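Structures follow.
Look for chain A in each of the two complexes below; its partner is chain B in the first and chain C in the second.
So, the complex of A and B:
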C-alpha cells in the first residue's frame, strides 16, 4: 500500500530521471538511422589547424618525400580512414613520393588496402611513387630507429622486397630525407611521434587523431611541435572541403550531427529533471542547501 | 646475487641508453641498433609464451564452464583460421583468404565493438552528467558548448560558438593538459631514476 502511494507520488521529473536505458539506446539508434533514410548535408567551417595540414601537403613539390604513418586499427577506421584517404589522394596528385608505415598491429592489411586502391586510382606505382614498409612492434623504438635509418627497423618492405632494391628508397635514409611526417593515430603512438620523431630528430610533424584525442594535442600545436592537427571525422570533413572532394568524412557528418544532437538533448532533459526534482525536495524540506 | 645482478644490468643498460639518446655519434647509433635488436629478440621470445597462455586459459575456461564453451570455441576457431590462412605465400595480397577474413571478419567486428561505445556514452550522458555541484555545472556547460560545434547553427551563433570552442581548447584545456603532461613527465623521470638506482624493484616481482 505504501509502495503504491509512493508510486502515485512520482512526478514527471522522477520518471525522467529513472528512464530505462533501453529507451536511450533506441532513440540513439533511430538518430543513427535517420540520415540514411532522409539524407541531408551539414555545413562545416574550416579550422586553422586542419588548414595547416592541408597547406603543408598542398605546398609539396613533385618528387618531395613525405612519411605517412597509418597508426590505427579497424576500431578507429571510421574516424581516421576518411582523412587518410583525403591526404593520400592530395599528396599523390601533387606528385609527392610517399613512405608508409604502420605501428598498430592490426593496421597493415587495412592500410595496404587503402594505399593500393588510392595509388591505382591516381596512377602511382609501388616502389617508384610510394613504399609501404609495413608494421613493426614497439612504436617508440621503431620511430627512434627510423630516425637513424629506415633500414634498421625495416630491412624489407611489407611485401618482402629489400629496401635497398626499391628505386624510390635509394636516396632516402632517415627523417632528414623527408619533408615531414603526417601521423594518423588512434592511440598513444602520436605521443611517440612527438617525443621521438619531432623532439629528437626535429622532423616536422602533423597529426590526425580521433575526436576524443584531439584536446590532448592542442598544447603541442601551440608549442610548435606539431604544425597541424586534424581532429576526428569533423576534421576529415573540413579537409575534404578544402580538397573540394566529398568523401566519407563529409558523408559521415550528418550521422555525427544527429547523434551529438540527441546526446545534447539528453543532457538538457536530464538536468532540467534533476533541477526540478531538487527544487521540489527543497520545497519539501528534504534538501537544506 | 639474485637481486644485485638484475639491478646492475638495469643500471648499466639504462645509463648507456640515456647517454646514447643525447649523443649523435655513429658509435652511439650502432649501440642503439644493437639494443633495438635485443629488444626485438626478447619480444619474439615473449610471443610464444603469450600464445600458450591465451590458448591454455581459453581451453581451461571452456572445459570448466559450459556457458563459456562457445566463446572458447570461437577464440580457437578465430586463432587457427587466421594463422593457417596467413601461412601460404601471397596471403598478404588483396583477395587472398587471409585478407578476406581480415576485411570481412576482423574489421567489422572491431568497428562494431568500438561504435557501441556511442550507446554507452549516450546512456552515461543521460544518467550521470548532472549539475550536482558548481564544478560539475562548469564541466557540463563546457561539454555542451564543445559538442555544439558539430551542430549547424545560424549565423552569427555558429561563429561565436566556434570562437568560444577554440578559446576553450587553446586556453583552459591547454593549461590543464600542459600541467598534466609536465606532472606525468616529472613522475616518469623520478620513477625511471628509482628503477635505475635499484630503489624500485617491483619489476622483479618485489614490492
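So, the complex of A and C:
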C-alpha cells in the first residue's frame, strides 16, 4: 500500500527524470536511421580554420613535399578517415610528393589500405610520388628523431625497402625538406606534433582532430602554432565541400543533424522537468513552514 | 563496382560484430561478451607482434646482429635492466635505466613545454589589435582570458570589479565547456553514424547481390 501511494505521488516531472535509458537509445536509433531511409542534404558553412588547411594543400606546387601523419586507429576512423581521404586526393591531384607515417599502434594496416587505394585512383606510384614509412612506437621520440633525420626512426619503409634506395626520399632528410606537416590525430599525438614538430623544429603544422579534441586545440590556432584545424566530421564535410567531392563527411551531416536535434529536445525536456521538480519541492517546503 | 561474395562475407562478419557490440545497449549478454573478448584477444596479439617487429627486431636485432652496430648494446642493456622490476631483490637496479629515461625526457620536455604552453601562448594572447572581424574576435578572446584568469585569483575577495570580472570568467568557462560538450556529442554521434552508414550500405549491397 505504501509503495502504491508513493507511486501515485510521482508527478510527470519525476517520471521524466527517471526514464529508462533504453527509451533514449531507441529514440536516438530512430533518429539515426531516419536519414538512411529518407535521404536529404544539409547545407554546411565553411570555417576559416578548415579553409586554411585546404588553402595550404591547394597552394602546393608539383614536386613539393608534404608529410601526412595518419596518427589514429579504427576507433576514430569515423571522424578522421573522411578528411584524410579528401586531403590525400587533393594533394595527389596537385602533384605533391607525400611522406606518410603513422604513430598510432593500430593505424598501419588501416592507413596503408587508404593510401594505396587513393594513390591507385589518382595514378600515383609508390616510391616516386609517395612513401609510407609505417609505424614506430613512442610518438614524441619518433617525431624528435624525424626532425633530425627520417632515417633514424625509419631506416626502412613500411614494406621493408631501405629509405636510401627510395627515389623520392633521396633529397629528403628531415623537416627542413618538407613544406609542412598535416597531422590527423585521434589522441595526444597532436600534442607531440605541436611540441616537438612545431615548437622545436618550426615545421608548419596543420591538424585534423576528433570532435572531442577540437576545443583543446583552438588556442594553438590563435597563437599561430598551427596554421589550420579540421574538427571532426563537420570539419571533414567542410573540406569535402571545398574540394567539391562528396565523401563520408558530407554523408554524415544529415545523420548528425537529426541526432543533435533529438539530443537538444531531450536536454530541453529534462531541464523543464528538473525546474518543475525544483519548483514543486520549493512549494512543498513553503507549505511545511 | 559490384562487391564479390568474398567481400560481402567479410562485411557480413563486420556487421554481425557491430550488432553484437550494440546489443550491450539492451543489457549485458553472451553475444556481446564473446565479441568483446575476441576483440581484446585480437588487439593484444596484434599489438604484441607489432611491438616485437618495431621495437625488438628493428632496434635490437637488426642493429646489433645484422648491422654489427655494437654501441646499441648499451641501450639494450638498459632496457633489459627494466625487467628486473619483476624481482623483489634486484628491482633497485632498474632505477638506473629509469634515471636515464627520466633525465633525458625531462631535459627535452621542460624547455619545450615552457616555450609551447607558456611563451608562445602568451605571445598569441598579446598582440596588436586590428579593426576587422578578426580583431573583434581577438578582443573577445582577450577579455574572456583575462576574466577567466581573474576567477582563479584567490588573493583578494571576489567583490567589486574583481567580482564582476570573475563572474564574466565563469560565463566564459561555461561557454567553453558547452562548446566542448557539443563537439564531444558530435564525435560520439559520428562513431554511431559511421556504423549505421556501413550497415545500410552492406544491406543494400547484399540485397542487390541476391536479387
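FYI, the second predicted complex is superposed on the first by the 285 of 289 C-alpha atoms of A that agree within 3 Å, B and C clash if a C-alpha of one lies under 4 Å from a C-alpha of the other, contacts with A are read in each partner's own complex, and residues count from 1 in each chain.
Throughout what follows, a residue touches a chain if its C-beta (ideal position, glycine included) is under 8 Å from a C-beta of that chain, and two chains touch if they have at least 3 such contacts.
Predicted model only: the values in this text are computed from it and were never measured.
S.K.: Sharing chain A, do chain B and chain C clash or fit in the superposition?
M.R.: Overlaying the two complexes on chain A (C-alpha atoms) leaves chain C and chain B clashing.
S.K.: Contact-wise, after the overlay, does A:93 reach chain B, chain C, both or neither (first, second, both, neither)?
M.R.: Once the two structures are laid over each other on A, A:93 reaches no partner at all.
S.K.: Looking at A:25, would you say it contacts chain B, chain C, both, or neither? Reply first, second, both or neither.
M.R.: In the superposed model, A:25 contacts both chain B and chain C.
S.K.: Could you look at A:122 and tell me whether it touches chain B, chain C, both or neither (first, second, both, neither)?
M.R.: In the superposition, A:122 contacts neither chain B nor chain C.
S.K.: Could you look at A:144 and tell me whether it touches chain B, chain C, both or neither (first, second, both, neither)?
M.R.: In the superposition, A:144 touches chain B and chain C alike.
S.K.: Based on the superposed arrangement, let me know which partner A:251 touches: chain B (first), chain C (second), both, or neither?
M.R.: A:251 contacts chain C only, not chain B.
S.K.: In the overlaid three-chain picture, which partner chain does A:161 touch, first (chain B) or second (chain C), both, or neither?
M.R.: After superposing on A, A:161 lies clear of both chain B and chain C.
S.K.: Between chain B and chain C, which one contacts more residues of chain A in the superposed model?
M.R.: Touching more residues of chain A than the other partner does is B.
S.K.: Scan A:33 for contacts with chain B and chain C and give back first, second, both or neither.
M.R.: In the superposition, A:33 contacts chain C only.
S.K.: Which residues form the common part of the chain A surface touched by chain B and by chain C?
M.R.: The answer is residues 25, 28, 32, 77-78, 106, 108, 137, 144, 200, 214-215, 219, 222, 234, 256, 259-260, 263 of chain A.
S.K.: Under the touch definition given earlier, write down the residues of chain A that touch chain C in their complex.
M.R.: Checking each residue of chain A against chain C gives 22, 25, 28, 32-33, 36, 77-79, 105-106, 108, 134-137, 140, 144, 155-156, 194-196, 199-200, 210-212, 214-215, 219, 222-225, 231-234, 248, 251-252, 255-256, 259-260, 263.
S.K.: Where on chain C is chain A touching in the complex?
M.R.: 25-26, 43, 46-47, 50-51, 54-55, 58, 62, 105, 108, 112-113, 115-116, 120-121, 123-125, 138, 141, 176, 179-180, 183-197, 200
S.K.: Quick check: in the complex, which residue numbers of chain A touch chain B?
M.R.: It is residues 19, 21, 24-25, 27-29, 32, 42-43, 45, 47, 73-78, 106, 108-110, 112-113, 116, 137-138, 141, 144-145, 148, 152-153, 158-159, 200, 214-216, 218-219, 222, 234, 253, 256-257, 259-264, 266-267, 269-271, 274-275 of chain A that touch chain B.
S.K.: Under the definition above, what is the set of chain B residues touching chain A in their complex?
M.R.: Counting only chain B, the residues touching chain A are 21, 29, 32-33, 36, 39-40, 43, 92, 94, 98-99, 102-103, 106-111, 113-115, 118-119, 121-123, 125-127, 129-132, 140, 143-144, 147-152, 158-159, 162, 166, 169-170, 173-174, 177-178, 181.
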